[in-house]
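Shared between the two complexes below is subunit A, which has subunit B as its partner in the first and subunit C in the second.
The block that comes next holds the complex of A and B.
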């Protein structure tokens, strides 16, 4: 009988799912992904999570509940650190424990620890551990892993071309306008929030409906971002923070964007610092319009819509004003 | 016959209607409480503004704004539906020359708008929390049994303001009660509250922004002279309150409608007669998928005119076919 492994459509899902899906499928397991976030799932998640947790963790628990009665294992790795000397966030570090103690009657979790804080030297040991839930054959595991890496690289490549995994489905390439109405906006936020239609109030679609070309950090060369982030006074030890601040410095120096929007998850401790630092860095010596959107469990979209509409109006207005200036002097 | 433009601002606390002529002269203005019934408030506003007009007029364009802008637009047939920030910015630009900064405090939201060379260059709006906005002041005035109109004047009498924590409305209230039980007089507590709200506003929204004068203070709360004084003390220069400060959003809509009319022909305005129409609103939860959208149906004189609230669009898009079926 094939082993059924459930992958919750939340948190790191949007960054890595082709890697894990391909890996387990190559090993012969069946992968079941939870349904896209919906109100019912969100409600269940909120009900079964400690109050202090951020919205994305609540949504994640909703996805675990969605899967729990139809799979043999639920994939909830203990993600401590994926880069040297960096961490993700305290909630990721304790996620399997949090899930286990919040939701009753769970099938066993695949909760292998991913910790490359010291080095990646023993990465294969971690891979074998993940594989051991399906097979004990190291050759099979190694083969599956290399296939998975390939799928993962292809996935990242598509995202870097401006295809977004909204609810896990890659969109077609965005239309690049090349006329004077063209607006390009940098969109910052956790992948698990931006790509979750419910969790982001569908912000990407809303922006695209306004004719906005979206720039996300994944579309900028990662080496450049890391280089910029290295110029910070102090090392940013959160992986997400490093990416966001590196992007901020890059945008400030090579600004061909008309504005920047930072989507923050209500209750996110990292956002409370990074959002503010991001604003300061993008605005330093420049005047890139900036909008901070905090999204929580409210289902009312009016507040978000009003702010977005005003932001786009402002950009249009500024562009029209620039166009009115005489071409010479 | 004078050509006019109608602006309607349906906010959380008040609904404002303004009628402006082509020379930007205000012919009529109404400030009425929304009281949780935006449909009634819009009708009441239209009726009252009609009473104020003596001349023959012709409405050439209509604009709506505020959190109830879509509802109002559906009722009256609006040509322009705009967010509050743009509407307030445009109104201030037209009524105060060279304005650089706008503070706007309404019933449930507060915003700061910065302008450069006559265009909006930056803005910030309060997040989910409504601390320091009109509805909180209303509540405190009611608790202290002071009419809201006199609240500001009381603050001016204070000689020794107390310090109140204004970060959160709930904490501010308990802090106020604490100070009151210690025996501080009412004027000092009210002034302390005004200072706290201003401090909160400037820290929260004005954070990191260059607040250059002239500064215009508008919205319903601008009627409160206590808050105006606290702003001036905090900033160190004068803050202007324009003559029609409480209806600036609606004025912005008139201006936007005028601009729209100059580029397009005709208006969608359904006429003042709609005040005699009966509107029923029905809400239901669509159970076709697990999103469970809360769909709103608006019936005008028994006929379905609008639907919204669904994510997938199957209710809002189907309105014409359903109308035919009903007919």
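The block that comes next holds the complex of A and C.
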């Protein structure tokens, strides 16, 4: 009988799911992805997580619950670190433990540790460990992994062209206007925050409805971002933080954007530092209009709409004023 | 150069000795107070964890007294503490304080910078002098932590409630007036004797509670609303998972070498938490198990609002509560925490523990043991 593996549609999902889906399918497992976040799933997640946790972790637990009675394993890797000298977040480090102790009657978790903080030398050992849930055949695992990598590269490539994996489905390319009415806004936030329609209050769609062209860090050359991040006085040790701060410095220096929006998860420790530094470097140092949207399970959509609208209006005003100013000040 | 540093429980006593022995001018920040918190809250991002806010309050209060250099330790992740200094620099700069930050991070291979920073802050290049002062500071720290241990024992047993803390308060005041290792050693020694001499009431019922949680919160009395005094006077003998002496040893001696302490705690934590995850969550879990196994009556976890590692620990602690049948109370503090509600929760918890203890004893009697 084929082994059924459930992949929760939360947290690292938006960064890696094509990799793991392809990997396990190549090995002959059946992959079941939890349903896109909905009210019921969110409520269950909230009920089964400590109050103090951030919304993304609550949503993740909701997805685990959505899967638990219909799969043999749930894929909840212990993602400590994916790059040298970096981490993701303490809650990612302890995610399998949190899930296990929050939700009763779970099937076994695939909770292999991913830790490249010291080096990547043991990457194949990690991959075998993941594969061993389905097969013990190393050749098969190696083959499946290279296929998986290919799928992953293609996925990243599409995102860098401005296709967004909203709820896990890649959108078609954004319409890029090329007239002076065009508004380009940088959008920052954890991937699971931006791409989860419910968790983000559908912000991407809203912006596109306003005719905004969205710029996400992945659309900027990653080498450039990393170069910028490398100029920080102290190494930024969160991978997401490195990306966001590198982007902040880049935007400050090459600002062809009309504004920046940072979507933050209420209670997110990473955002409390990164969001603050990002704002300092873009709004204060770079004179870029900035909007911080903090979202939790009690955030009302109407409030978000109002703030977005006001922000877009402000950008429109700024652009109009600029147009009236003589070209040579 | 006038060096200051953030408060963390009794740490300042040792830091004071260390710098005085080196002949470096220091400003000990005023005792953490409501004003400290207000200043810190005013200038820090709202959603940052509480320790950073208090740090900022300490810095600004010290700067007002003439400090021009800040000494901070750090880490390289995974938690926020590792990036505190970067944010703190921005904050102080924005309000116009151009101050020298000396960061003692684990060197991560770059020993030259690390050593240079030490030379810079110690104002000498004589390693012998530095090592001697460090040893003296460390010794004082262990002695002061020993005072805490005695206080844990004495508080629930003291005949006159309040005596222990009156003595300790007096001690804290005198600390500021003595100078150097010898004087400090003497003061600590005298205080120890006085503490030991406090009269006990042998008829008092004493229960035991293990205090666990985020290190800064459980060590700094201002931040935990004097939990040790409160619980002690309710008849609780405490033990605290993390101590400053341990923290210092870890940060100063072990982390730079990539080592860590307490293999047994890691082992106790293992069935519940497989790896470190940042902060001291693994210690929180490990000590919870240890206290439970040693027959403690209850566990109290305290952490600052939004503390990431402790939230993970909090998710696991109910399992430990069940597995070992040990009651567990979780307290979360932030700048809005009110004393009244906090005390009520502690009281209710202690009552519960006492009742449980009585019931157990009754059960023993009935079953004829």
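Definition applied: the second predicted complex is superposed on the first by the 322 of 329 C-alpha atoms of A that agree within 3 Å, B and C clash if a C-alpha of one lies under 4 Å from a C-alpha of the other, contacts with A are read in each partner's own complex, and residues count from 1 in each chain.
Convention: contacts are C-beta pairs under 8 Å (C-beta built on N, C-alpha and C of every residue); 3 or more make two chains touch, one makes a residue touch a chain.
Here the structure is a predicted model, which is why all the values come from computation and not from measurement.
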Subunit B and subunit C placed together on subunit A: clash or fit? fit
Of the two partners subunit B and subunit C, more of subunit A gets touched by chain C
Check your understanding: Looking at the overlay, does A:229 come into contact with subunit B only (first), subunit C only (second), both, or neither?
Key -> neither
Reported in degrees to the nearest 10, the CA-centre angle with subunit A in the middle and subunit B, subunit C at the ends is 80
Note to self: So in the superposed three-chain picture, is A:113 touching just subunit B, just subunit C, both, or none of them (first/second/both/neither)?
What the structure shows: second
Margin query: With both complexes superposed on chain A, which partner does A:101 reach: first (subunit B), second (subunit C), both or neither?
Written below: second
Discussion item. So in the superposed three-chain picture, is A:85 touching just subunit B, just subunit C, both, or none of them (first/second/both/neither)?
Written reply: second
- Message: By the touch definition at the top of the document, which applies to A:280: first (subunit B), second (subunit C), both, or neither?
- Response: both
Quiz item: Regarding the shared-chain residue A:238, is it in contact with subunit B (first), subunit C (second), both, or neither?
Solution: second
After superposing the two complexes, the shortest C-alpha distance between subunit B and subunit C, in Å, is 5
Where subunit B and subunit C land on the same part of subunit A: residues 266, 280, 294
In the complex, subunit C touches subunit A at residues 45, 47-49, 74, 76-80, 82-83, 85-87, 90, 94, 103, 105, 108, 272-279, 281, 305-309, 311-312, 314-316, 318-319, 332
Residue positions on subunit A within touch of subunit B in the complex are 35, 38-41, 198, 266, 279-280, 283, 287, 289-290, 294, 296, 298-299, 302-303, 305-307, 309-311, 313-314, 317-318, 321
So, in the complex, the side of subunit B touching subunit A is made of residues 67, 82-86, 117-123, 125, 127-128, 208, 289-294
The residues of subunit A that touch subunit C in their complex are 49-50, 52-53, 78, 80, 85-91, 93-94, 97-98, 101-102, 113, 115, 232-238, 241, 264, 266-273, 275-277, 280, 294
